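Look for chain A in each of the two complexes below; its partner is chain B in the first and chain C in the second.
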Partner chain A sequence: MNALLEVKDLNVSFQGNENEKGNENEKESGTAVFYVSFSIREKETLALVGETGCGKSVVAHAIMRLLPPESRVKGTIEFGGKNLLELSEKEMTKLRGKEISIIFQNPSLALNPVYSIGHQLAEPLRIHGQEKRKGKEWKEKEERKEKVWREKEEKNEKGLKMRKNNFSNVARVLKRMGFSNPHEYMGYYPSWCSGGMNQRFLIAASTMLDPVLIIADEPSKGLDRNRVAELEIELKRLKEKSETAILLISHDLGFVRRLADRVAVMYAGEIVEIADPSSLFERPLHPYTQGLLNSLPERGFVPIPGSSPPLSSPPEGCRFHPRCPFKEKLCMQEHPELKESNGRAVRCFLCL
Partner chain B sequence: MSLKAENLSRKYGSGLLGRGKCIFRDVSFELEPGKTFGLMGPSGEGKSTLGRIISGLESPTDGAVFFNGNPLSRMKKAEYTTFRRKVQMMFQDPTDAFNPRKRIKHSIFEVLNLLEISGTERIRCTKEILKTTGLPEEVLLRYPSQLSGGQLQRLALGRILLLDPEYIVLDEPTSALDVSVQAQILHLLKNVQAEQGISYLLISHDEAVIRFMSDSCGELENGQMDLIEV
Partner chain C sequence: MSEVIKKTLRYAASFFLIVTLNFAFPRLMPGDPVKNLIGEDVYVSETVMEELRAEMGLNMPLYNQFTAYIGDLLRFDLGYSYHLHSPVAEVLRERIGWTILFVGVSVLLGTVLGTLLGAYSGWKPETKANRLVCYGFIALSCTPPYFLALLFLEIFAFKLGLFPFKGFYDIPTPENIMYHMFLPVTVMTLFSASRNFLIMRGSVIQEKGQLYALYARAKGLYDTAILFRHVMKNASLPIITLLALDVGFLFSGALFTEIVFSLNGMGTLIYDAIIGKDYPVLQGSFLVIALAVLLANMLADLLYAVADPRVRRPA
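And now, the complex of A and B:
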């Protein structure tokens, strides 16, 4: 199957955390994502898992080109034959929401509290609808300047029609998401709804224009078990019916195991293991993946000793060696490469 | 020291005209010294509200919370101050527990200033807290946004420990954290309890977490609390 998205040697660093003295010249810099490469095939669900701060969300934001100005992004992100990092902001706006969309982490922060749900869900339709409309109007104005008034009337009619169409599209998507009375929910405000409902509205917004790739950034975070089960059903339905590829970012390993076709484990800004869920969960190779699975409740909450290294000064050699129970001399001296064998990839000298 | 809840009920929207909605009624339990009482149940059943009532941050509609045999509502100012120091609350999202515009050291020193601790004693207390929670000294110079959720939750616990509490209400302390950090925080809480004999009221919707941590537990559902075996 063809690769829909191909990320090659993605490197993201941030500059700008002033030190204690506030000296501009002594600003700290940190590499959040360190030469990350992976691909997502059409209709595939690839999960990115790992500790908070390991760079999962930074990868997602780099793909969407939503990183702050102080970030430096290197490498290539190929999508549909184009390198997303080379597109202009105008070209990227055309792509966001229509071809690639994102479900953000926290629904209470992602939804605007002062606008109704219906208004916010229609936003992708308005943005992508307007692009076409502006082009048409400009041509019409150029060609028929003498019919200005008639054109204005036409424009109003078109706007009205478009608004009606937008709202019926929103209602259709909400109905598809299992809301029995979509017109009622369209008048609701985010504060009137539970976290689970708001999460479903965000999914509805991201699927409004049937994108080919959806990035779900920690969609189950903070939701209780019932809400997570509902979310899982939604994402499964999206996978099966809409045939959308999903980049699923989560630290909920059970959720990932049930949904993903392949899992990539990240640690301190780099991918340390990629495998299909059954081999990863049953026979993890990398010591970090083993530690991560031992932290699960069913394995007795055994923590990994120590904490992740600071991004501004990662350790020499293997980044996991200070916490690794099996480390050898080589692990402290050389940095291991991600090597593939038998359909899975691992970055560890001891597993090769 | 003892902390006891007797027949607690909480209604919302019970004004002059409305009858209000009862969130829970007749909830009673006692926190035993050095033990953990787990409180579980689905979202929206009033677990956090119950935690806030036990910490004195909200009042019950009916019933009372007794600290050392005295009901909170009839406490004198000095007694109430002692209660507020001895019963602390740790919240779900550690990022909300720290001022985003201040470095961590300011948030820690704020508590020490309240306790009128300064100079070398202040540095000693801060170092001790960092040692207990397993954090490096460099975190003091960071802003909350520069630290991970696990580091912030450790700091939140450390800041609480400065007040030498007898009871801590843990409101979903690990639900915003990932599995490996969750395991670390749960073990840290257990170690602190073993060393300092603190009692916990642990609120969580995760049954595995409750069963791992608790000596006794209750489930809040449909406005009632049922005691269940751990």
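And now, the complex of A and C:
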């Protein structure tokens, strides 16, 4: 299978003090992401799990190149044969929202309070509308849709029809997402809607142009159980019907287990284990993964002792050694590499 | 609906308070209006003075004066100016047009200029040019407008001779008006722009850090497109408040500027009325200005409901 996204030796560091409120991961100065490598195949869902502050969101933002200017990103992020880190901002702009989309964790804040839902959902169509007509490397499904657009466009070349088109597309997407009267909701504003509704609007906006890769940055954070179930259905539909590859970032392990094709566990800016969900959840190798699973309520609620190290000064040797119950002398002195064997990889001296 | 009633009541109360204060303040000023009217060097007997007071209703008890005042207001009668020998309403009608033209044009230009420059300056505050512009506007906002007016007169009218010193008394053709209004309008525009600039700059700096701005970037918008399509509308909400609050401030700023440039507007009218203790003109002018502020606030309330859906509820 082809790799759609290939991240190699990704390093992200932040320079000093200027970090405003922003992301929780950016508070620390220093290196937030340390030689992270992974790949996502077409149509595959890769989950990135780990506790708050381990650098998951930074990875997501680095792929989209949405990190603040005081960040330094090194390594390569290959997407469709291009290294995203070498593209100009203009070229990157063309990919964002069209080929790679992101779903932020706080839907009510990610939507603009002063524009209507319909306006905001139609925006990706408006932004990428011109490029669309060139349509050379487009997948078949896009072309099918384009035909319908083009037929209508040919009838009336001017903007008004185009606008109407956009809005009818938005209505169609909303209907598909379970809104029975989409035209009413399109006149609504984010502040008039619940968090769950905004979540669906945000997903609709991000998937409006059927991107080949969606990055879902903690989409289930702060949602109650019913909403999480709805979200799960929505993401499953994207996976199965739209055949979109998803990078799912979450610390909700149950959610991840039901959705992911592969799971990568991150600790203190590094990937410590990659495996398919069934082997990861049934036979976790890395002590951190084991600890993470043991801290789940259904497995006895046993927390990992200690807390994760500050990213500005990670411990020598294995980054997990201060909290590891099995640590040996070697763990404190040398930094383990991520080693692969039978389809899974782990960063531990003791596990293989 | 009850919100609307509450607001209407609040505005009605403010209106009543304005009218009351407007009645009270001139009567608290030191000096005798009758003596002033006659002049210091003319001797008039006490009885004649009393007669004059009675004729003007100044010898009545205060509450009678007040009810008479309200009654007159309801008939749009703002009294008679003995100094100008003309009904106050007529004097105001004649003068206010110039001030509205003067302040209106300045505020319009100043808001557009200040908002746009402020938005851009807030979008990229780190560039040298934007920093320089920012310092300039801070300096302008700290300078009293009448001082700026004097400075402009000195440079452009006196030294360079490009513009006239005095306001227009001759035929008001459009070119003539433009010629005479250029300097005062420039001064007031700069003043108004500096206030809008500083608010807008801060507002954009704050708004661009919001998640929706990042999401706009994630949707594929490029640089200033994010500013104009997403951040601008949110950031300009405080400008609505500023405009409402500033109407009074601008009027007073305009007052001094008008005096410096000898424009025939409300400013010079009020100035002369204060010097001459011309109560009716003062009362009338203050009433008009206070009403303008009240109206501006009502307009801001309405504008907010239109511009910000968070203030509204779905129908």
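The rule we apply is simple: the second predicted complex is superposed on the first by the 312 of 352 C-alpha atoms of A that agree within 3 Å, B and C clash if a C-alpha of one lies under 4 Å from a C-alpha of the other, contacts with A are read in each partner's own complex, and residues count from 1 in each chain.
Here is the rule we use: a contact is a pair of C-beta atoms (placed from the backbone, for glycine too) under 8 Å apart; a residue touches a chain by one contact, two chains touch by 3 or more.
Predicted model, so just to flag it, every value in this text is computed and none were measured.
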Quick check on the superposition: with chain A as the shared anchor, is it clash or fit for chain B versus chain C?
fit
First (chain B), second (chain C), both or neither touched by A:Phe104:
second
Taking the superposition as given, does A:Ala205 touch the first partner, chain B, the second, chain C, both, or neither?
second
Return first, second, both or neither, reflecting whether A:Met64 touches chain B, chain C, both chains, or no partner chain.
second
Should A:Lys221 be classified as contacting the first partner (chain B), the second (chain C), both, or neither?
first
Have a look at where A:Arg41 lands relative to chain B and chain C in the superposition and call it first, second, both or neither.
neither
Pick one for A:Val302: touches chain B only (first), chain C only (second), both, or neither.
first
For A:Tyr189, select first, second, both or neither according to whether it touches chain B, chain C, the two together, or no partner.
second
Superposition result for chain B with chain C: lowest C-alpha separation, Å, rounded to 8
From the superposed pair, tell me which chain A residues show up as contacts to chain B and also as contacts to chain C.
20
Quick check on the complex: what are the chain B residues that touch chain A?
42-44, 92, 134, 138, 141, 146, 148-151, 175-184, 186-187, 205-206, 208-209, 212
In the complex, the residues of chain A that touch chain B are 17, 20, 50-53, 194-196, 221-222, 224-227, 251-253, 291-292, 295-298, 300-304, 307-308, 310
Going by the contact rule at the top, pick out the chain A residues touching chain C in the complex.
20-22, 64, 66, 89-90, 93-98, 101-102, 104, 106, 109-116, 123-124, 127-128, 188-189, 191-192, 202, 205-206
In their shared complex, chain A is touched by residues of chain C numbered 209-212, 214-223, 229-230, 233-234, 237, 307-310, 312-314
